[in-house]
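Read through the structures below before going on.
Paired with chain B in one complex and with chain C in the other, chain A is shared by the two complexes that follow.
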Partner chain A sequence: MSVISLEFFKLRHKRLFLMVTLLISVEIAWAFISVGMSISRNPGMVGWKDIIMTLASMNSLFLPIIAAVVVSRICDMEHKGNTWKLLLSACVKRSHIYAAKYICACLLLFYAGILQVLASVLFGAANAFEQPLPFSLLMRFLGGTMVTNIVVISLQQWVSLAVKNQSFALCLGMIGAFIGMTADLFPSVVRSLFVWSYYTGLCPVTYSYTGHSTVFAIRTIETSVTAVIVFIGALVYVVGSIRVSRQEI
Partner chain B sequence: MLQRCISAEWLKLRHSHIWIILMVLPVFSILIGGANYCFNQSVLTNGWYSLWTQVSLFYGEFFLPVLIAICCAYVCRLEHMNKNWNALMTAPISPWCVFLSKLFIVGVLILTVQIFFLTLYLCAGRLVGLPQQFPAETFGWIFRGWVASVTVSAVQLGLSIRIRSFAVPIGISICAVFIGLGMYVAKVGMLFPYSLLTIGMGVLSQESLTSIEKTLFYMMNIIFIVLVCVISIRHLKKADVIA
Partner chain C sequence: MHRIVSTHSLSKRYGNVYAVNEVNLTVYEGDVYGFLGPNGAGKSTTLKMLLGLVQPTGGKAIILGKEFYKNRRVILGQTGALIESPSYYGHLTGIENMRVMQRLRNVADKNIGEALKIVRLEDQKDKKVAQYSLGMKQRLGIAMALLAFPKLLILDEPTNGLDPSGIGEIRELIKALPHKYGITVLLSSHLLSEIEQIATSVGIINDGKLLFQGSMEQLQSKSQPHIFIKTQDNKVAERLLIGRGFSPVINGKYLTFQGLQDVEVAQTNRMLVNAGIDVIRLEKRKKNLESIFLELTGRERSLS
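Let's turn to the complex of A and B:
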C-alpha cells in the first residue's frame, strides 16, 4: 500500500489527472457532438444505447493512446531520473514497484471510465431521455472497458519498463489505437486475436445496419470471453513483471 | 553552422531504431485499408481513388499527426536527459540553428514516411489488380501532406522543447487532431495546422483543390511555420532552459 501511495506521491506535480481529464473530455465532447447530431436528425429515437456504443467506439481510438501516455509517464520518470538503483537500495522488491505502477495506471484509467459514465448520465439528463437510467448497462460498459484496459496497461507497462526509449511504447499505443479503431472491419476470428478490439467487443451494446439506419441492441457478454481476456492480462502482467525484475539495471 | 547542426542531429539518431516506428504505421495503414478495399469492392468502385480513401483515412487523419509528435518528442528527448539542454545552450550555436536543424530532421523523416506510403499504395493497387492508370493527384496529396506535416512538426517541436515529458506532447497532438477535424467540418480548416493535413492529403475529400485554394493552403502553411518558428526560437533565446 505504501508503495502505491509513493507512486501517487511521485506523480503529484506531473498533472497526470489533469491530462487524463483533458484527453477524456475531448473524447466525450466528440462522442456527444456525434450523438447530439443523431438526436437532432431523429428526435425521440436516440437513447442510452447510442451513447454507450459511441463511447465504446471512441474508446478504441482514445484509450490505447491514453493508456500508453499514462503508463509511459509513470515508467519514464524512473528511466529519466535514473532512480532504479535508488529504489532498490530502499529494500523494495522490483515486483512490488511493478505492481504499484500497474495499480496506479489502472486507477487513473478507472478514473477516466468513471468520468465517461458521469458525463453520460449528465448528457442523458440534459436531453431528457425517455428511458430510465440504465445503471446496470453503464456498469457493464465500465466493467468491459476496465477489463480491456487492464490487458492493454499490462502490455504497455512491460514495453515502457523494458525499453528505455518511450517512442516504442507510444508507437505500440498508436498501433493499438489503429487496430482498435479498424477492428470492426476484420472478420470476427481475426478481431478476437487483438486485445484492443475488446473495447467494443466487451461493450454490452452492439449495432447492426438495416438499410440506411443503424440499430443498437443490448447483448450479453459471455463470462468465458471476459475470463479469457483477464487471464491474458494476468499472463502478460506476470511475464512482464518477471522479465523486468530480472533485467539488468 | 546550420549544416553542422543538422549533421549533429543526424548523428543523435544513430542506433535509435526510429526507422522501425516510421515504417510500421504506413505498413499497417496499407494492410488494413487494402484488406477493407478487397472485401468491399462491390461498393468501392472508383478504383485508385477508392483505395486511397481506405488507406489514407486513418493514416492521414489520426496517425500521421501522432507519428509526427513521436518524432518531434524523440529529437528533443536527448536534450531533456542528463542536463543536455545546458550543454547545448552554452555551445556556440544560435537557437535558430538548434530549432531549424531539428525541424529539418523531422521533415526529412516524415518525407521518407510519405514516400514509403506512396510506394506501398502503388504496390497495393497493383496487387489488388487496379487496371487504370495511377492517378497523378496522388503525388499532389503526398506532397501537400508533407508540407502540412512540416507545419505540424513545427508546432509539435515547439511543444516538445518546452515540455520535458515525452508523452504529454503526443497526448496534446491527439486532442489537436480532433479539434482540427472539427474545424475542417466547420469549413475553417485553413486556420488550424492539424486541419491543413486533412486538406492537403485529400483524406476526406478527393476533389482537387482550386488554384486559389492551393495558393491559400501554401500561404497558410508558410505563415504557420514562420510564426511557430519565431515564437519557439524566441522562447529558446529568452527563457531559461529547464535541464
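Let's turn to the complex of A and C:
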C-alpha cells in the first residue's frame, strides 16, 4: 500500500489526472456529438444502447493511446532519473514497484471509465431518454472496458519498463489504437487475436446493419471469454514483471 | 577493529570475462576506504554487488557482520548509497525527492532538514531538481544517501562532474562523516589525488583484481627512497655486495637497494671501487604515489 501511495506521490506535477480528464473529455464530446446528431435525425429512436456502443467504439481509438501515455509517464521517470538503483538500494523489490505502477495506471484508467459513465448518465438525463437508467448495462460496459484496459496496460508497462526509449511504447499504443479502431472489419478469428479489439468485443451492446439503419442490441458476454482475456492480462503482467526484475542495472 | 565490510572471493563474470575476480575487500569501522582503480577496473561492479544491484557469480559479502544475501533487508536499512550518477526525480523539487527517500527509509522529518543542511541545499530545496546544476544533483544524491544516517555509506565516484570548489566541499564533508556521525565510508574513485586526501585505507583494483589493500600509510611506505647504482659489471657487483651482507636487486641496468642509510651508500661505493668495479651512476629515487599506482595497475593504462 505504501508503495502505491509513493507512486502517486512521485506523479506530483505531472498533471496526469488533468491529462486523462482532457483526453477522455475529447472522446466523450466526440461520442456525444455523434449520438446528438442521431437524436436530431431520429427523435425518440436513440437511447442508452447508442451511447454505450458509440463510447465503446471510441474507446478502441482513444484508450490504447491514453493507456500508452499514462503508463509511459509513470514508467519513464525511473529511466530519466536513473532511479532504479536508488529504489533497489533502499530495499524495495522491483516486483513491488512493478505492481504499484500497474495499479496506479489501472486506477487512472478506471477514473477515465468512471468519467465516461457519469457523462453518459448526464447526457441521458439532459436528453430525457424514455428508458430508465440502465445501471447494470453501464456497469457491464465499465467492466468490459476495464478488463480490456488491464491487458493493454500490462502490455504497455512491460514495453515501457523494458525499453528506455518511450517512443516504442507510444508507437505500440498508436498501433493498438489503429487495430482497435479497424478490428470490427476483420474476420472474428483474426479480431480475437488482438487485445485492443475487446473494447467493443466485451461491450454489452452490439450492433448490426439492417438496410440503411443500424440496430443496437444487448448481448451477454460469455464468462469464459472474459476469463481468457483476464488470464492473458495476468500472463503478460507476470512475464513482464519477471523479465523487468531480472534486468541488470 | 570491527569489520564493517568483508568480501570473500567476490566475483562477477560476464560470459568468459571477469569484471570482478575473487576480490577480498575489508573495510573497518570508522574508515574512509578509498577504492581506487582506472575506469573499467571493476569498482562500480564491486560496489553494486555490495548493494545487491548486481548478482555475484561467486564468493560472498559480509556487511555489518551479516551475510549480505541472507540479510539484505536489514543491511540495506543501515546502508546509504550513491552509485555512479545521482538518482533523482527531475520533475519533483529537492524536498520532494527527499520525501520519496523518507517514505522508502521510514525516517523522521527532522532527518530531511539535517541532511539538506549537511550538503548545504536548504535554500534550494523548493526548486525542481531538473533545474539543479550537476554539483547540486550530486549533493542531493549524497543527502538522500545520508537521510537515514546509515552505519555504512557507499559512494561511487562522488565528485564526478564537480568543479574544484565542489570537490573540496564534498571532500571535507566525507572526511567529517566518521567522527561526526559515526558513518563508515566506502568510496570509489579513479583519481589518486582525491583518495590520497580523503581516505584512511585504500584498495587498488585493476582488471577486476584487487592489487593492493591496506592503510594509506602502508601505501605511502611503498614510496620510500631506493638507491640505484649503475656499475661497469652489475652481476659481479651484485655477487660482491651479497657476499658483504647487502641485498641488491638487479633492476634493468641498475642495482637497486631499499632502505639504505647514507653511511651504507658510501660504504657500498667504496667496496665497489676497491674491488675494481667502476661506479658509473649512483642515484637516490623516490616513487610518488602516482607511479606506485601506475606500477600496480600497469603503466600502459591511463588513469582517467
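In the analysis below, the second predicted complex is superposed on the first by the 249 of 249 C-alpha atoms of A that agree within 3 Å, B and C clash if a C-alpha of one lies under 4 Å from a C-alpha of the other, contacts with A are read in each partner's own complex, and residues count from 1 in each chain.
Heads up, the rule we're going with is that contacts are C-beta pairs under 8 Å (C-beta built on N, C-alpha and C of every residue); 3 or more make two chains touch, one makes a residue touch a chain.
Fair warning: this is a prediction, and the values are worked out from it, not measured in the lab.
A.B. asks: Answer with first, second, both or neither: which of chain B and chain C does A:I249 touch in the superposed model?
C.D. replies: In the superposed model, A:I249 contacts chain C only, not chain B.
A.B. asks: Applying the document's definition of touch, where does A:L137 land relative to chain B and chain C: first, second, both, or neither?
C.D. replies: In the superposed model, A:L137 contacts neither chain B nor chain C.
A.B. asks: Taking the superposition on A as described, I'd like to know which of chain B and chain C A:K10 touches: first, second, both or neither.
C.D. replies: So A:K10 only meets chain C here.
A.B. asks: With the two complexes superposed on chain A, say which partner A:L87 touches: chain B (first), chain C (second), both, or neither.
C.D. replies: In the superposition, A:L87 contacts chain C only.
A.B. asks: Taking the superposition on A as described, I'd like to know which of chain B and chain C A:M19 touches: first, second, both or neither.
C.D. replies: In the superposition, A:M19 touches chain B alone.
A.B. asks: So, A:S2: does it touch chain B (first), chain C (second), both, or neither?
C.D. replies: The answer is second: A:S2 touches chain C but not chain B.
A.B. asks: Which of the two, chain B or chain C, is in touch with more residues of chain A?
C.D. replies: Per-residue touch count on chain A favours B.
A.B. asks: Tell me the contact category for A:V236 with respect to chain B and chain C: first, second, both or neither.
C.D. replies: It touches nothing on chain B or chain C.
A.B. asks: Could you tell me which stretches of chain A are touched by chain B in one complex and by chain C in the other?
C.D. replies: On chain A, the overlap between the chain B and chain C contacts is residues 14, 80.
A.B. asks: Of all residues in chain A, which touch chain B in the complex?
C.D. replies: Residues 14, 19, 22-23, 26-27, 30, 33, 61-62, 65-66, 68-70, 72-73, 76, 80, 165-168, 170-171, 174-175, 177-179, 181-182, 185-186 of chain A touch chain B in their complex.
A.B. asks: For the complex, which residues does chain A have touching chain C?
C.D. replies: That would be residues 2, 5-6, 9-10, 12-14, 77, 80-92, 248-249 of chain A.
A.B. asks: Within their complex, state which residues of chain C touch chain A.
C.D. replies: By the definition above, chain C touches chain A via 48, 51-54, 72-73, 76-77, 79, 81, 83-92, 96, 99-101, 103-105, 128, 144.
A.B. asks: Which bits of chain B are touching chain A when the two form their complex?
C.D. replies: Those in contact with chain A are residues 16-18, 20-21, 24-25, 28-29, 32, 35-36, 39, 58, 62-63, 66-67, 70, 73-74, 77, 80-81, 165-168, 170-171, 174-175, 178-179, 182.
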